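We call the chains A, B, C and D, going by the order they appear; numbering starts again at 1 in every chain.
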Amino acid sequence: MTIKEQQDNIIADFEVFGDWMEKYEYIIQLGKDLPLIDPTYKTDDNLIRGCQSKVWLHAEMQGDKLVFTADSDAVITKGLVALMIQVLSHQAPKDIANADIYFIDAIGLTSHLSPTRSNGLLSMLKQIKLYAIGYQAKSVQQN
Amino acid sequence: MTIKEQQDNIIADFEVFGDWMEKYEYIIQLGKDLPLIDPTYKTDDNLIRGCQSKVWLHAEMQGDKLVFTADSDAVITKGLVALMIQVLSHQAPKDIANADIYFIDAIGLTSHLSPTRSNGLLSMLKQIKLYAIGYQAKSVQQN
Amino acid sequence: METATAKNTIWPDVELIRNEFPILQQTVNGNPLVYLDNGATTQKPVQVIRAMQEYYTGYNSNVHRGVHTLSQKATSAYEAARHQVAAYIGAHHHEVVFTKGTTDAINLVAAGFRRAFLHEGDEVIISGMEHHSNIVPWQLACEEKKAHLKVIPVTDQGELDMDTFAAMLNPRVKIVSVAWVSNTLGTINPVKDIIAMAHAKGIPVLLDAAQAAAHTPIKVHELDVDFLALSAHKVYGPTGIGILYGKESWLQQLPPYQGGGDMIKHVTFEKTTYAEPPLKFEAGTPAICEAIGFGAAVAYVTQLGIHKIQAYEHQLTEYAVAQLKTIPELRLIGESRHRAGAISFLIGQHHPSDVGVLLDQQGIAVRTGHHCTQPLMDRFECPGTVRASLALYNTTADIDRLVAGVQKAVTLLG
Amino acid sequence: METATAKNTIWPDVELIRNEFPILQQTVNGNPLVYLDNGATTQKPVQVIRAMQEYYTGYNSNVHRGVHTLSQKATSAYEAARHQVAAYIGAHHHEVVFTKGTTDAINLVAAGFRRAFLHEGDEVIISGMEHHSNIVPWQLACEEKKAHLKVIPVTDQGELDMDTFAAMLNPRVKIVSVAWVSNTLGTINPVKDIIAMAHAKGIPVLLDAAQAAAHTPIKVHELDVDFLALSAHKVYGPTGIGILYGKESWLQQLPPYQGGGDMIKHVTFEKTTYAEPPLKFEAGTPAICEAIGFGAAVAYVTQLGIHKIQAYEHQLTEYAVAQLKTIPELRLIGESRHRAGAISFLIGQHHPSDVGVLLDQQGIAVRTGHHCTQPLMDRFECPGTVRASLALYNTTADIDRLVAGVQKAVTLLG
């Protein structure tokens, strides 16, 4: 699935929810399900420090796709991290770098991505794009 | 004349003025008329520094009366200084120390005596009272 | 709601008071706002908002030095505000320096001590429950002078270890600087004892009263405290202003902090002489409108009565603690016998921010995180807490909403 | 009045603008207020007053660190204000530090230089027309480090002696700190030249833009200035706030100023690491409402157009100077070829305060005194001046009132 398809899927998933509680129940569930990052990757180097919660993010190329694993110490953040990874992991660096991320807005969770939330989510998105740009540059060099 | 009579006289004088211009013309005239302080008294010790204008004040006992001479570098301040001296000079220290100064209010120049005016007038009044209290204490000691 | 209403014996008219706070009349995420983040900042009554608006629409002008009418009015109002705030803390007006807030006030003292009184090997005593604003200024000063920062330990209950404090007092200590009330634990520290013990050794004391000022009567002369700092925005006043109280003798000794307009007597390029305190410490155009708003705020509190507020909040705090304790997964962080303002807690293993997000969804504003007390969080080995902090306009109904909100959060977090 | 109306070709709608300033719609001592004390502080348009009221009635909350809705709104608005002010001066938002005002901003830099860059025998260059706020902070810093304060002389016309300045630049000079526009003389200094000359020797420059900000377009990147300070209250914004602009590299190098909440990354009692600029320099709860009001103020000015304001004020200044010169006894203090804002004068031998008092009686607000530039008064051998200072809402009618008022004062003073 493309990044766009992934996002549209999530938006469709969220449309069924009647109220904020169902929405958060789902996010919390996602947070609980997220396969934990390999502990060896839960390093300070991979740490994105928000004022409120911490996010760890690890990136590696598998073939021509960029694969992310991640974790957070707060379960709602972790759920949102899971959504972000569902959308952006296993994609080509070029597509990630150019991706327009609109699903957070569309599912009504804009505030979680605001620079003032300091849960590390916005920094995580920035970091994901930086990785993508980095690997893109590398692959261009290698070609 | 007592301090009270002096004040009531001034209030009566000011009653004839039709507008602020006549009032200030009179004050300015007073400022110009005030016999200058003896230059030897125009010292830093006798200086009361307001932010806006300077006031010099000299006190001495003549018999059992306290006599003030004064000057200011601003003519309106000087005129007001002249009124103050008309009221408070040549009076017994005790009477000066206890005096209730109400004429400034009554002639509508309250703002010139406000602590925020920084023309040195309020400080001058304080200084006059301090002199009076000082001389009063001295005369009590000597008796 | 039965019990809730029954509880409020002290202040039956709290609903009338709530009406004076326009911001409280709103819904957040579809629910009437429950504002329990008063430790961060309090809301402002119309009296304060109006005083500031009157200033800007009626007599805004720069203060001191001006002969024109607006300037006179502004100066009078600014100085009247100083008198009001001084009266609120039982001080003389010339002992009250307007600052940007508590942080600015503490920095002023720390910088003065750095410059004039701190030498290599000297010590500064703070406590383990201090706000960063009462830690970092002293770290900066000590670092520059190779002096040492000493920390009064905090007990498991969240109180100061006074025996250790007693043992820490020695001739190298140049100042003791501690919070009156902890912004995280709600602990009211035994400031009278602290002052007496320090004074017995000739050591001055600074009280960080940021969290005391809205909850406790303050009488600086009775306390005999040397310095005291507080912020208007935590006492129903505007942002951008606070005060440093200093004993006259200390304000005389302390070197000037910032240089600029208003704090001078005479300036030449060779030599500058300084104005008398408090102006000596008020360089530049002050926060005029804010000072006036601050004056209106303490007038408001005074009119309601700080003792009455204290009694009401005490009742409310007891109620809140009792109700919160009914939640099985809840663990209080800080269980001092003497408390005011803040109530910190954790829910099972849940991250405070998760609880905060779910409360916000229900229109309940609490603060989550380290509350600018990271060393204290390290002490209690938690990444932060959920903190509900009370003000005079909170009600038992607010507490009930909080408890129900936490319960819902617990259910959702599973 | 014929000529007056005829003169205003640039801004025919100035009366509409005046209506946006509630404070101007009043009489003082029986006369419609003529406010010509804008150098001290400017009046505030309803847009600014309203923005602040909306804050307190709608979303007052402490910024950063909060997850609840009000805190998010307040933080967004606070940071949006930083963007607005940054745009106003052509800076990146992360180069803009909110301070209490110009004085606070200059002290921040002076304290940082004292701590990190000034050593015994070093020099700091200021000018002979500086405001006390750009003199005393450097005196304090130099005194502590046994460095020397050097002063660019002022010519009889009230301009900087640029040849002497050129000769003063040497490797011992650690910073040049000068006013862009003189608050007393109205002189616009050749800041581009000053910066170019200093940079040629590797010396950074701080511009005190307090009196430039409301009158002149500011483009810090084009200017290539290292630091720039200004106050909101002189740009139609609230009291209690201003900014320090600093080049990113300088803000990185400069040590923190005040310690406290918000300026840290991580605090332990052993070691504290600091946040990135600008937060590194914003300790404690900021002046949140004031920042938002400041944002509204620059938005207001931007919408009117600073170039248009500049052109209008230029015309008005020329008119004022010409009209004042028709008074025989009047002597201008400061006759620079490039001027903005302030017009200082003396009337014969009359004391400025006498003139000020008589103008106030006529409802005309000017400032009299030393304008916090005592060394400059010594230079011109006067105890002070009468200063009329203009803003965008002044009109030729105001100038006519001023001139008539001065004439009446002259008559009365005899």
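Criterion: contacts are C-beta pairs under 8 Å (C-beta built on N, C-alpha and C of every residue); 3 or more make two chains touch, one makes a residue touch a chain.
Predicted model, so just to flag it, every value in this text is computed and none were measured.
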By that same contact rule, can you tell me which chains touch chain A and chain B alike? C, D
Relative to chain D, the most remote chain by C-alpha centroid is chain A
Computed distance of Cα centres, chain D from chain B, in Å: 39
With chain centres defined as C-alpha means, what is the inter-centre distance between chain B and chain C in Å? 46
Once you find the CA centre of chain A and the CA centre of chain D, what distance in Å lies between them? 46
At least two other chains touched by the same residue of chain D: list those residues. 29, 65, 67, 69, 71, 353, 356-357, 368-369
Shared-contact residues (touching 2 or more other chains) in chain B: 51-52, 119
Provide the full list of chain pairs in touch. A-C, A-D, B-C, B-D, C-D
Complex interface listing, chain D residues touching chain B: 29, 350-354, 356-358, 361, 368-370, 383-384, 408, 412-414
Quick check on the complex: what are the chain B residues that touch chain C? 49, 51-52, 111, 114-119
In the complex with chain C, residue positions of chain A that touch it: 20-21, 24-25, 28, 32, 51-54, 73-77, 112, 119
Chain C residues touching chain D in their complex are 22-23, 26, 28-29, 33, 35, 37, 40-41, 43-44, 48-49, 52-53, 56-62, 65-71, 100-104, 106-107, 110-111, 115, 131-133, 135-140, 144, 149, 151, 231, 233, 238-241, 256, 258-264, 266-269, 272, 283-290, 353, 356-357, 359-360, 364-369, 372, 374-375, 378
Name, in rising order, each residue of chain D that touches chain A in their complex. 63-65, 67, 69, 71-72, 75-76, 79, 265
